[in-house]
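Sharing a structure here in structure tokens format.
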């Protein structure tokens, strides 16, 4: 319970301060405020992916339908957050680099994550039988996850990076990001992660109760 | 498990020989495969016309044609067992591992056959020139292995879905993307005559992809096949 | 001496429960008849016994001479015939058998297979595609397949379906021989077939009774 209040507080603080404090990156101006939103949301997409994969492995080893529900919920949420991350990224890209889409490695990766989530959900909707649905989507989730290291390794080699993160984090993170900016960013990161977990737990509970009612 | 290797190979070969015999009689996948490749190649060649393409573009087109032809042809290997309901009898006579190995081999040979047709056509119709053919050859082999290892298990998954449609392409694409990107890159290198050692890093990626995909699908196949 | 034992077997497809708590044990020389309404799970139970459907709960134990058989060996001891067992339509009867024999690692040659086809009255049509077969002939071919390696446990689902009078006589012979060889399990509602059972498992009533 306490963490739900914390989540509410964190996100409120973040939303207010994002607009009250000066923009984090002077060169880019106002649009750099999106950094506080875009990066945490992208991070949650990855977190959701991890949740989905772990639940898939647990389902295949234990065959408890609860794990399948959890995997499905984290994928649905992941899909939603991936859309948000892609859109916020595109808005930023238009302002900062001139066009909405450039196939920069980060953009490409989030897009692929979006495709994977979409494929997973398409697979689930294409199967009627519950146990088959659970088995097959768990297998796909694991397969998709193991291609991620390849993506991370292969994609940046082929595409040049436009993302500021690669210049900020590689060489200058400790020095360049001032403390107030960093602290708001971390609050946002924590806030969104907790938000994800909150919605996730709620959704899982609803589905379990629904199933109980019907059986 | 614990079967002698000689009988294991004869069982696996029995499986894919059966698939070949079936395929030669029904021509399900072969037709789709070849038609798709020829039609896309013709369309590309026709629309490009006299315009000369750089080698990167040709490399991309090559792999796109292969990938999408594979999408139309490689899924059948499991779908036809489900549709003709012969998967029951297969389960009675062979273990999941044997079946997977047989289907994998069959898909691999089908893919090699497709490449046998597409490569010369590409060279002739689009002026695709390959300067370092050893590199290209290794790329073809490793790339095909990777493609088949990833798509065979997806074909098994799609076969069990009730609505098949474009599901195979939708599921395979995100998983094949790293493979596709690497293949285009190193084919471009081979086409421009880069040295073997230059392309070595990409070959390593292809090899590790094939290995990882093979191991993962081999382990996961049981969960897809067994009810 | 072969024995088949089933402990606390249950099967559900998602949330639909087909049956639960099935227990029985059969020894060599005995036959079990499984009866029940349509949808009571006769075919499902048979498929679980055959090993290609996993039970939701419980175990199927097959022991040969007191030693429990694991998956691979289990398969060699079983023969299975059912309406939803399909052979390859695009291959001939002989090609089907050759494939099924080779993939199991059984060493039958062409003439041995021809002889088996002859025993079931299919010799004349051995080189015809199975797609040209009538349902009765397909049923006979299924029996050739099931009996290939003289299975110690024969599982038959609706054994007489599609068979004509001569076919049914052949079936009677098969059943008699199976009883001498090992275990027979029949799933049926047909009175003519239930008479072959030493024991009856009724899935509707979940009752198990022995025929005197």
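When the chains are written out, they are named A, B and C in that same order, and each has its own residue count from 1.
Convention: a contact is a pair of C-beta atoms (placed from the backbone, for glycine too) under 8 Å apart; a residue touches a chain by one contact, two chains touch by 3 or more.
A quick note: this is a predicted structure, and the numbers were derived from the prediction, not measured.
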Most heavily contacting chain pair (counted by C-beta pairs in contact): A-B
Most distant chain from subunit A, judged by the mean position of its C-alpha atoms: C
Identifier of the chain whose CA centre is least distant from the whole-structure CA centre: B
Computed distance of Cα centres, subunit B from subunit A, in Å: 32
Centre-of-Cα separation between subunit C and subunit A, whole angstrom: 52
Chain centre separation (subunit B, subunit C; CA means) in Å: 38
Residue numbers of subunit B (touch at least two other chains): 227
Interfacial residue positions of subunit B with respect to subunit A in the complex: 150, 153-154, 157, 160-165, 167, 170-171, 173-175, 177-179, 181-182, 185, 205, 208-209, 212-213, 216-217, 220, 223-224, 227
Footprint of subunit B on subunit A - complex, ascending: 60, 112, 115-116, 118-119, 122-123, 125-128, 132, 135-136, 138-140, 142-144, 146-147, 150-151, 153-155, 157-158
Of all residues in subunit C, those that touch subunit B in their complex: 50, 52-54, 71-72, 75, 78, 80, 82, 84-91, 95, 99-100, 102-105, 145
Contact footprint of subunit A on subunit C as seen in their complex: 13-15
Complex contacts: residues of subunit B adjacent to subunit C: 1-3, 7, 10-11, 14-15, 17-18, 21-22, 25-26, 84-86, 88-89, 91-95, 98, 226-227
